[in-house]
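In what follows, a structure is listed as structure tokens, so that the remarks can point back to it.
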Amino acid sequence: MSSSGLEDLYREIILDHYRNPRNRGSMEVPPSQRVEAYNPLCGDEVIVYLLEKNGVLEDVRIEGQGCSISQSSASLMSAAVKGKTIEETRQIISDFKKLMSIHESKLEDGTDDAQMDIDMDAMGELAALQGVVRFPVRIKCAILAWNALAQGLDEISGSSPDEPRQVEK
Amino acid sequence: MSSSGLEDLYREIILDHYRNPRNRGSMEVPPSQRVEAYNPLCGDEVIVYLLEKNGVLEDVRIEGQGCSISQSSASLMSAAVKGKTIEETRQIISDFKKLMSIHESKLEDGTDDAQMDIDMDAMGELAALQGVVRFPVRIKCAILAWNALAQGLDEISGSSPDEPRQVEK
Amino acid sequence: MTDTDIATTKTQLDVEHIKQDFPLLSKGFHGESIAYLDSAASSQRPTCVIDAMSGYYNYSHANVHRGVYKLAEEADRLYENARITTGKFVGAPDPAREIVFTKNATEAINLIAYSWGMHRLSEGDVVVVTEIEHHANLVPWIMLHKERGIELRVIPMRDDYLLDLDNLEEIVDGAKLVACTLMSNVLGTIPPFKKIADAAHSAGAIVVADGAQLVPHAHVDVKELDCDFLAFSGHKMLGPTGIGVLWGKAELLDSIPPFIGGGGMILDVKFEGIVPAEIPTRFEAGTPPIAEAVGLTAAIEYLDNIGMNNIFHHDAELTAYTIDSLKNTFGRDITIMGPDTTENRGGVISLALKDIHPHDLAQVLDESNVCIRAGHHCAKPLMRRLGTSATARASFYLYNDTSDADRLIEALSKAASIFG
Amino acid sequence: MTDTDIATTKTQLDVEHIKQDFPLLSKGFHGESIAYLDSAASSQRPTCVIDAMSGYYNYSHANVHRGVYKLAEEADRLYENARITTGKFVGAPDPAREIVFTKNATEAINLIAYSWGMHRLSEGDVVVVTEIEHHANLVPWIMLHKERGIELRVIPMRDDYLLDLDNLEEIVDGAKLVACTLMSNVLGTIPPFKKIADAAHSAGAIVVADGAQLVPHAHVDVKELDCDFLAFSGHKMLGPTGIGVLWGKAELLDSIPPFIGGGGMILDVKFEGIVPAEIPTRFEAGTPPIAEAVGLTAAIEYLDNIGMNNIFHHDAELTAYTIDSLKNTFGRDITIMGPDTTENRGGVISLALKDIHPHDLAQVLDESNVCIRAGHHCAKPLMRRLGTSATARASFYLYNDTSDADRLIEALSKAASIFG
């Protein structure tokens, strides 16, 4: 990582997605799925719309407001999963959460068992969010939209949610 | 004062009054007055009986149990006020409380305005209790019986009490 | 504090010198000089406070309450002395009986809500708060609303960030209790407390002052304020964490039952019932914050030595300077959420720069080692009134000077360029 | 702790060496060497604990909860790390969620009584305590008796100072909550907690363990105890004043409403109502004891380093030695109020010498710089059972050795001669 944590956090890609969010807007419900994620710590909110057809996320839209990290993460997410299958999307969520948990796990155990096998190349632009882990309070920002996405997938699959709906402590 | 606070506290007179308490016992009520004083901090108790006739304390008796200081102070008190007029007794109470308050006043104000005019000679054996002021927690012990006495006088005079009935903090 | 007090003293603080007493400020955070602008959340503490506590722990510690041995007597004496010092600091008429040590200001206010409120208030009784309160002076009353069915009335805020007292008499009419902050931790607003207290008393209500913000920064006297209860915290006034203060009028304290039950607060315990102790012991169950009381004593002595009026004046000057610079530098890009004068406000500046999110602002400022707080500042209803979910807040204390303000502005410029 | 734990470890403490870590014990009180035998009231603390707090105050202090800047992150990290360390120390399955920091053990028990008791108990419901409890584990329940009309049942003490469990099942039958100390602060008695917990659980009650005395002196594991709540204090285990700990099972904590209301414990506040935060934050209103948590972490590390089983064994040996010496020296003149074995007891010795009043005893001992406590030890019902109003109590910790015990006996001899 570069010596300046700040430049690592506010990478050009992130600022770009913050200034020009992709897939901004809403969709009709139904056929689409609408899921909210609320960050109680700051009062910010992300709303995710998912349009699934034959196991594929045909369209994804984002509404809400918040800091540059939560908004750009939502935008990056929407770009990353649009057109992907449910299966693929779950994998991306899982990889992204792994990326974000590196620091948190260190925090709790003091151990550095964070040599997780994440294929950084496959993550594409999402990798730009890696710098967030150096700022523990902001991880919650980055994860916000992803919690909504995960919950939306569960609702689509009709399964009971296997992820907490709110930001983890 | 002597260098050993302890010898100052447990003077021979005090130990003598503790081992051989004067005026121990009870009296019929009425004609006598019965007053209890309870030290909530340790659970000890002194009971004072007063027999007044024509403004004179004709007899004084002490019951109860407690530490050497509270018991000897009660015994010394009974000897000091027996046969005295109500007026004289009030003066003795006042002088004794002054003696005991030297330390307390220092404690609260940090000032040494304790050059109080107490006629130590007139106090007789009571002066032996002077060493108690060096032991703040024990002042409450020494004062216990005196609070009962003061209350008893108030009741005899039929006046409303001008002293708190319990040990002051 | 009274206006005359402020007018009569204008001794400039020697901040250069003061900073030397605070290792973090003189030596830096991991060696890097920092501009600490978050004293409204918690202050730093001078070496003398830390030394007082270390000295206590090393050579004077024992549990208090009735220990017969000299060491315990010493601890007792230090603890009771802290009570006197603290009481005198806020002008308590009877410091030995009227000061209760709690864990923080929040517990102090909860003590009132539980001991007074739960026993004196019933369904439909009215409690008045203001729109600018900290959660500490809101949640306990809202919980009473739920538990006891009391009615909560609110003194609103005007658009100039001062309280709207036009309907004061109507609002407090029939109220049993009025709770008001002495200074907003978000806006810096200092309400005209005495006026509110007078109206409340006329209506037959008792008055609770939340002094968490003002007591550390100004001369506060409970007699001049004419409040019935006053709550504040050690950690915002150069003292340790883990200690708060409740001052209450002796008669009032004496008339209410205990809150927390345990050792030290009773005269007698039987399985059938307890006999509570006298005040203030009645409200101090368990081992109290002894070392913290010793630290608070040292903090108060340090503050007294510098002079509360000088501190208030210093904060005011620095605030005026900063607001001027902010406006000159950022013009219409900056919004300051707080009174425009320095008369009715303390050294707390909530701001918004363009539409940069407060958390992004604080993050960028931290890169320049400028420490400000971003968030709702535990004042959610006020945030709603302000139409936002968070503000960026800089706050000053006696160890800040114009160099800190300048660093704030420089770092804000950097943020403006990043998110420009 | 389990019996096997105790049996497997017998490393002798190097007390000579340990004393060096405690300035009061190595350098003396005003230069005079003291025998500190009052750790059951409050322990001394090693230099490393004091240094940890000073270091924190000097270079790492900011308020916790959501500060964005590095200093605040550091404070946050230290505070949450204290939670983990404390939780692991007592074997908490989910330390990050199950540890609540309070101001002392007393507040921890009150939290249960208010948050759980006030909402789960109604008239006629049964709470069980024991006859040997400290007021901290009595008064909160007696207050519920008054406020809610609950019925209080008492597990009695036998003449050998152990609990009488003959009618245990009858006593806990139908109970909602059973509260029991892990070790008596007067007698040293260590009740068979697991047995009581089993009976309580069978009866459908939850179980509260008062660990104030045992947690500092033995390996305590909430899973082995099978308790639902555990309370203890920092200041009795080499930690600072101003901090206590409540451990509670996550599901249980999660099912009860907040106790103290204010900042930090809510998700949202409207005048009409609040939305409480997740656990453990829900129970930590206001600025928490941050420096105290840092100090407690250092204390736990120090204790862990020495080994809790070694400490327990050390206390037991010293207690056996002292009781032997007392009996040899004073014969029938001495009465020891506590179990005769070392199996079911810790290092607390309540005694009576002839008919010398405990306060006189303590006073004379102080002259020889032997610090013991005299009084009811916040256990009035137990005093009644013992037929006295006070005892003289000596208590040991890892920094005491036979030289302290010898000084105790010598000073007692002096007292015997003065009052002989």
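Order of writing sets the chain letters: A, B, C and D. Residues in each chain are counted from 1.
The rule we apply is simple: a contact is a pair of C-beta atoms (placed from the backbone, for glycine too) under 8 Å apart; a residue touches a chain by one contact, two chains touch by 3 or more.
These figures come from a predicted structure and were not determined experimentally.
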{"item": "Smallest number of contact steps required from chain A to reach chain B", "value": "2"}
{"item": "From chain C, the most remote chain by mean C-alpha position", "value": "B"}
{"item": "Interface with more contacting C-beta pairs, comparing A-C to B-C", "value": "A-C"}
{"item": "Chain A and chain C, separation of their C-alpha mean positions in angstrom", "value": "39"}
{"item": "Chain A and chain D, separation of their C-alpha mean positions in angstrom", "value": "45"}
{"item": "Where chain C and chain D are represented by their mean Cα positions, the distance between them in whole Å", "value": "32"}
{"item": "Junction residues of chain C - those touching two or more other chains", "value": "66-68, 268, 359, 363, 374-375, 380"}
{"item": "Shared interface positions of chain B, touching two or more other chains", "value": "41-42, 135, 137-138"}
{"item": "Touching residues on chain C, where the partner in the complex is chain A", "value": "357-360, 363-364, 367, 374-376, 380, 383, 389-390, 418-419"}
{"item": "Touching residues on chain A, where the partner in the complex is chain D", "value": "40-42, 107-108, 135-138, 166, 169"}
{"item": "Sites on chain A touched by chain C in the complex", "value": "4-6, 9-10, 15, 18, 41-44, 66-69, 135, 138, 141"}
{"item": "Contact footprint of chain B on chain C as seen in their complex", "value": "66-68, 73, 76-77, 80, 84, 96-97, 267-268, 275, 277-278, 281"}
{"item": "Touching residues (chain side chain D, partner chain C) in the complex", "value": "23-24, 27, 29, 34, 36, 38, 41-42, 44-45, 47, 49-50, 53-54, 57-59, 61-63, 66-72, 102-107, 109-110, 113, 129, 134-136, 138-140, 142-143, 145-146, 152, 154, 233, 235, 240-244, 258, 260-266, 268-274, 285-292, 359, 362-363, 365-366, 370-375, 378, 380-381, 384"}
